[in-house]
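Below, each structure is written out as C-alpha cells.
You will see two complexes here that share subunit A, one where it goes with subunit B and one where it goes with subunit C.
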Partner chain A sequence: MKKQHYIYLALGIAATLLFYVLRVQAYEAIYSVPGFSDQFYNAGLYDMIPLITIAVPWAAAAIYYYAINSVRFDRWFHWLLVGGISTLLTPIIGYAVNQSVFADLGLSYGAESLSFELANMVWAAVMFVVASFAMRWWSSNCRHTPIPQ
Partner chain B sequence: MKMKQLIALLMPVMVALALASCGSSPLDKAIKHALVQQDTTQAQFDSICAIIRQNPDRYSQYVDKQGQVDVAQLQALIDRIGGDLRPPMRWDIARYGQQELSLTIYFERSGSMVPYDNAGDRGQLKKAVNDIINRFPGRKVNINIVNDGIYPYQGTVDQFIKDRNIYASTAGVGNSAFTDFQQIFGAILKAQDATNVSVVVTDLIYSPADAGDVSIDKILNEENSLATNIFRHYKGKSVLVHQLMGDYNGKYYPYTNRPVEYRGMRPFYLLVIADTPVMDRMAAQSDYAELLHPAAVRHSYRFNQSEAAVDYCVLPDWKDNAGRFRVDHHDATRLTKCQADKTTGILCLTIAARLDGLQKEADFLAQAGNYKVQSASGFELRVAPITPDMVTGNNKMYLDGKTHLLTLTGKFVGPRDQLTISLPNELPAWIGQSSSRDDTNTAASGFSTTTLGLKEFLDGIAAAFGTGGNYTTLTLNLEN
Partner chain C sequence: MRLFLFAIGGTGSRVLKSLIMLSAAGVRPVDENGRPVPNIEIVPVIIDPHKSNEDLKRTEALLTAYRSLRQRLYGNAVNADGFFATRFVTLREIMSEGTIQLNDTFIFNLGAVEREKFRDFIGYDTMNEANQALTSLLFADYQLENRMNIGFVGSPNIGSVALNEIKDSDEFKAFANVFNQGDRIFFISSIFGGTGAAGFPIMVKNIRQAKNLEINNRDVLRKAPIGGLTVLPYFNIEHNDDRRIDKADFIVKTQSALYYYKDTMTGANDSNLNAIFYVGDQEVSKPYTYDPGEHGQRNRAHLVELVGALAPLKFAGMPLNRLSDPDGYPLPTSAFEFALDKDERDVNFLTLRAATRRLVYEPLVRFHLLFLYLRTGFRDQVGQGYTEDAPKIKSDFLNSQFYRTLTDDFMRAYVDWLVEMHDNNRSVSLFSLGETDMNRAITRVATRKGLLGHKSVDNNVFKAEMNRLSRDAGYSEHTVEYKLLDLFNRAATRIIAERYEAIN
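And then the complex of A and B:
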C-alpha cells in the first residue's frame, strides 16, 4: 500500500473530526432560523445530528467498498447510487431523531426540522465523499471507483 | 484482512460516537435538563443534590468539608451550563438550604384601632393578619401587642387566630391612649436579627402623649423628623408598606383628641420590616407571596429597594416582531443584523421579562408610562402581562417564568443603537393621595380613604433611606 493512501485516510478522519468540532457553525452556515435554532441547540441536537451525518455516510462507504466489494458493482454510478441512498437516509434518520427529541420537549417545529434536514443533505453528501476517498484504497474490487487511481 | 481493515476504517466513527455519548456527566445533563425544561424547583434541586450525594468521589468539588452539597460551587456550575444555553439562563439556588425565617407580628392596640374589629363587621384587619400568619412558610411566629410600648401576647398563635375579639381579650395591655412610634419602631429595628421578618399592624396615625394643644403642622413636622430619625440608623433594613381597607365602627380619635363616632371604611397598614437581603430573598420565593402581596392590598411601596437584575430575553419569533434581527448566541442583550421592515421602516421587537420580583403592583408594572426608554432611534414601549394562552410549546422556553412582554417599536437606521428601558423608583402618587392634614371632619369626602400625616411619616422614612434610582434596567445593544 502506498504512503499517500494513508495520507488520504488521515485527511478523511481529520476532515470528519473538524466537521464535528465545528458542527454548530457548519450547520448554522447552511440553516438558521430564530427560535428553532436555539431550541435545536439547547436540546443537544447539534451533538446528535452531526453524529448521524458522520455515521451513516461512513457506514455506507464501508459497506460499498468492503461488504459489497463486487466487480459487478464497481462503476461510478454504482458508487453514486450508494451515495444517494446514504444522502437520503441521513436526513430521514435525523428528522426522526429531531422530531422525537422535540416531541419530548413539547416543541413543534415540523416545517423547520424538514428544511433543516434537507439542508443537511449537503453535509451528508460531503461526508460520503470524504469517507469514500479515505477508505477506498484497500478495497480489492472497488478501489478504482468513482475515479480510477 | 478485509474485516480487520473494515474495523480499522470504522474506528473514527466509533471514536466520535464514544466521545459524544460520554461527553457530559449525569450532573451536567440533569442541570441542563432542568434549565431547558424550566423546571427550576426545590424538587429538581433536591434531585440534583442526590446525584452529587450518590457519587461524592466523582463530584467531590461540589461537596464541602461537612459532607454537604457546596451550594456556591454548584451555583457556579449551573451558571456555566446556563450561560451556554440560548438564551442564557439563570437559576438562583442560593435560597435553598438557607436558614428558616421567623415572623414577629406587632399588633397595634391603640384606641383608634379597636373599631376595626367589631363583631358585626367583616373583620378585614384580623383576616389580613391571620392570612399572613397562616401562609408564612416558617414555623417560628411571635405576636406582640403595641401601643405605648411592646408587650408579648399572652396566648398562643392558635388562640390569636381563633380570637373573635382580639381587642377585648387584650384590653388592659399597655396604655391604649397613644402610640409611641419612636419606642415601637426603635425597639423592633434594634431587636430584629438577620432571619426575622417583622410585621407591624397599625393605622399609622401618630398620636403622641400631651398633643392636645399642639398645632397639626407641628405634630406632622415632628412625625416626619421622628420617622427619619428612627430609620436613618438602619440603612440595611427594608420597609414594605401595604395599605388595606377595613370596616371601622366606633370612636375615632382625631389629632385634637376629641373622639367622634365613625362608621365606614378606613385604611390600615401592614409594615413589613426585614433586612434588605431577607426582603430580596422573600421577593424571589413564591412562598412569601401573601406577605409581600396580600390578597386584599390596595397599595404598596417598598422603601430601600435596591436596583435588581431581572431575567429577560428577546423573543426571536413573535407575532409583533417587524423587521429583522438576530440575537447573539453568546450575549443575549446584543442584537445583530438589525434591519427595519422595508415597507414601513419600523423595527419592532419584544422582550419577555420577569418583573414579579420587583414587588410592584400589577397595574404599575403594566403601565408603559412608568417606564423610561432611552434610544437614539426613538423606540416606544408597550407593556402587556403574559397570559397562559400566549404560551405554546415553541415559546415556552422564552416565556416560562416571565411575567411581562415589553414591545419596542422604533425607526432603527443603524449602524448601532443602545436601547435602555428602566423603571424609575419614585415615591408613588398614592402616598400623597392617601394622606390628610386634618382628620377632625369624619364626614369629609376623603376621610374614609386618608390617614392623618401618612405622607409626612413615609416621607420621613424615604429621607432616612434615600430614594431615586431605578427598580431595574434592561439594556439591548442593536447593530446592523
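And then the complex of A and C:
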C-alpha cells in the first residue's frame, strides 16, 4: 500500500473531525434562523445531526467501496448514484430526528427543519466526497472511481 | 542451457509451429520432478531449401512475432514465467563479433542448394561417361532435373548429397562456435520425405565428427547430448498422376530410413544419438493437396505435430546422467514413443494421458482464455480498474505494435492452428472453436457447481481478479505489456483452479 493512501485516509478523518469540531459554525454558515437555531442548539441537535451527516455518507462510501465493490458498479455514475442516495438519505434521517426531538419538547419547526435539512444536503455531499477519497484506495474494484488514481 | 533445435523440412517447420504455440502458452521444459528447467534458451534453426514453402513462411513469421513479443515482455532475461516464457534466439543474436556474418534469421542459408538444379549441383555435365552412368543409376531423371529451391521432393537420396554442404556453411560454423558445455542439440524431421529424412543423419554425423572440422570447441560439440524427433507417416495426400510424391512410398521409405538410422545412429550400442522420439499415426489424415513444392505446400496442422513439439521439451528436461556418462561421453540411444489415453478420433484434453495433460492443460487453457479476453473484453475495459494502476494501459495501447502483433498476427495464427488441427483427422478439439462464452470454451470441461448452479467465468470475473492482483502486486517498475499479460496469467491460474472442473 502506498504511503500516500494513508495520508489521504488521515486527511479525510481530520477533515471529518474538523467538521464535527466546527459543526455549529458549519451549520450556521448554511442555515441560521433566529429562534429555530437557538432551540436547535438547546435541544442538542447540533451534536446529533452532524453525527448523522458524518455517519451516513461514511457508511455509504464504505458500502460502495467494500461491500458492493463490483466490476459491474465501478463507473463514475455508479459512485454518483450511491452519493446521491446518501445525500438524500442523510437529511431524511436528520429530519426524522429533528422532528422527534422537537416533538418531545413540544415544539413545532416543520418548515424550518425541512429547510435546514435541505441545506444539510450540502454537508452530506461534502462528507461523501471526503469519505470516498479517504477510503477508496484499498477497494479492489472501485479504487479508481470516480476518478482514476 | 541452450537447446539448438534444428527443424528440417516441411514437417520440421510444422512441428516447430506447434512448439511456438505451446511456448506462447507458457509450456516449458520441466525436469523429472516437474519443475521448470531454469536458464534455458531455444535456438531454432530451420533447414529447408524450399524457401517458398508456406509452412516454413508461416513458422518463420510466427517465430519473428514471438521474438518481438517476448522482447517487449521480458527484455533479454532468460528466465521468465507465464506467456511467451521461453526465449527463442537466432544464431546471430548469440554469436560474438567475428569474421562470420549471418543474417538475423531463424532460417539456415543453404546457399547453392537453393539455387540450382540437382544435376548442376553435382556437376553431372562435367562427369565422364562412367560416372554419369553411375549417377543415372542412383538418381531418376526427374531427380536430376529437380530444381532444389522447391526442396528435395520426397527424395532423400538428393538430400543426402545436397545437404552434405551444410558442414561448410557459415551457419554451421557459427553454431559450432557458440555451442558450449551444457548445451544440447535436437533435431525435428520426418522420415518419410526427402529433406528431413536425409538432413537429420547428415547433421548428426557432422556433429559427431566435429573433430575433423576447423572449429574452436570441437571436443564439446562431438560429445554433445543429441536428441531427435523422427516423425513417422501421419498424413495422406491427394492422388496425382505425377507421383513424384506418393503415399504408397511412405512406408517403404520409412522402413529403409529406419534401417539406416539403426545402422548409423540408433543401434543398441550406438551413442551418436542419445534420445530418439518416434511419433506417427496410422489413422489416415484428411488428404493434403498434392504439391511437390511448386505451389508452396501449405498443409493443415495435425495432432502429430502438437505431440511432436513435446519431444524437445522432454529432451531439454532430461537429467544429464541419462544422456552422458560421468566423463561426458554420450550414452547409447534411448527411444521414446507417445500414446493417447484413449484411441479416439476426436482428441481433447481428456483423451491425453495424465502426464501430458499436466504439462499442457493449464497453460493452453490460460492462453485460450487470454485469446477470448483480448477478443471480447479487453478493449471495453481499458480506462477502468486495473488498467488505471501504474503503469496505465491507455487506449493508445490498442494501436501499439505489441498489441497488434499479439492480436492481429499471433492470435490469428493461433486460431488458424486450432482450426486446422480441428479440421484434420484425428480431429483435435481442445477448445470449442467459435465459442466466445468462457464457460463453454474448453471441450468436455465445464465450470464447477456452486450453490446456485454452475460458477461463471466471463470478462468481468477476469477484470475483478486482475483488479485485485494489480492492487496487491504493483507493476510500476514494469511495462504495460508485461503488466497485462502477467496479470492475466495469474488471474487465469486462479480462475481455472477455482471455477473449472479439475481434470488433472
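Note that the second predicted complex is superposed on the first by the 149 of 149 C-alpha atoms of A that agree within 3 Å, B and C clash if a C-alpha of one lies under 4 Å from a C-alpha of the other, contacts with A are read in each partner's own complex, and residues count from 1 in each chain.
The criterion applied here is as follows: contacts are C-beta pairs under 8 Å (C-beta built on N, C-alpha and C of every residue); 3 or more make two chains touch, one makes a residue touch a chain.
In this text the structure is predicted, and so the values were computed from the model without any measurement.
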item	value
Simultaneous placement of subunit C and subunit B on subunit A, clash or fit	fit
Partner chain in contact with A:Asn42 - subunit B first, subunit C second, else both or neither	first
Which superposed partner A:Leu105 touches (first subunit B, second subunit C, both, neither)	first
Partner chain(s) touched by A:Leu9 [first = subunit B, second = subunit C, both, neither]	first
Included angle at subunit A between vectors to subunit C and subunit B, based on C-alpha centres and rounded to the nearest 10 degrees	170
Subunit B versus subunit C, judged by how many residues of subunit A each one touches	B
Contacts of A:Pro148 with subunit B and subunit C, given as first, second, both or neither	second
Touched partner set for A:Ser140, first subunit B, second subunit C, both or neither	both
Touching partner for A:Phe77 - first (subunit B), second (subunit C), both, neither	neither
Minimum distance between Cα atoms of subunit B and subunit C in the superposition (Å)	11
Contact residues common to both interfaces of subunit A (with subunit B and with subunit C)	138, 140
Residue numbers on subunit A that touch subunit C, as the complex places them	70-72, 74-75, 138, 140-141, 143-144, 148-149
Interfacial residue positions of subunit C with respect to subunit A in the complex	383-385, 388-389, 392, 460, 463-464, 467-468, 471
List of subunit A residues in touch with subunit B within their complex	9, 12-13, 16-17, 20, 33-35, 37-39, 41-44, 47-48, 51, 54-55, 58-59, 62, 66-67, 69, 105-109, 134-135, 138, 140
Touch list for subunit B against partner subunit A, complex	2, 5-6, 9-10, 12-13, 16-17, 20, 23, 32, 36-37, 85-87, 316-317, 326-327, 329, 392-397
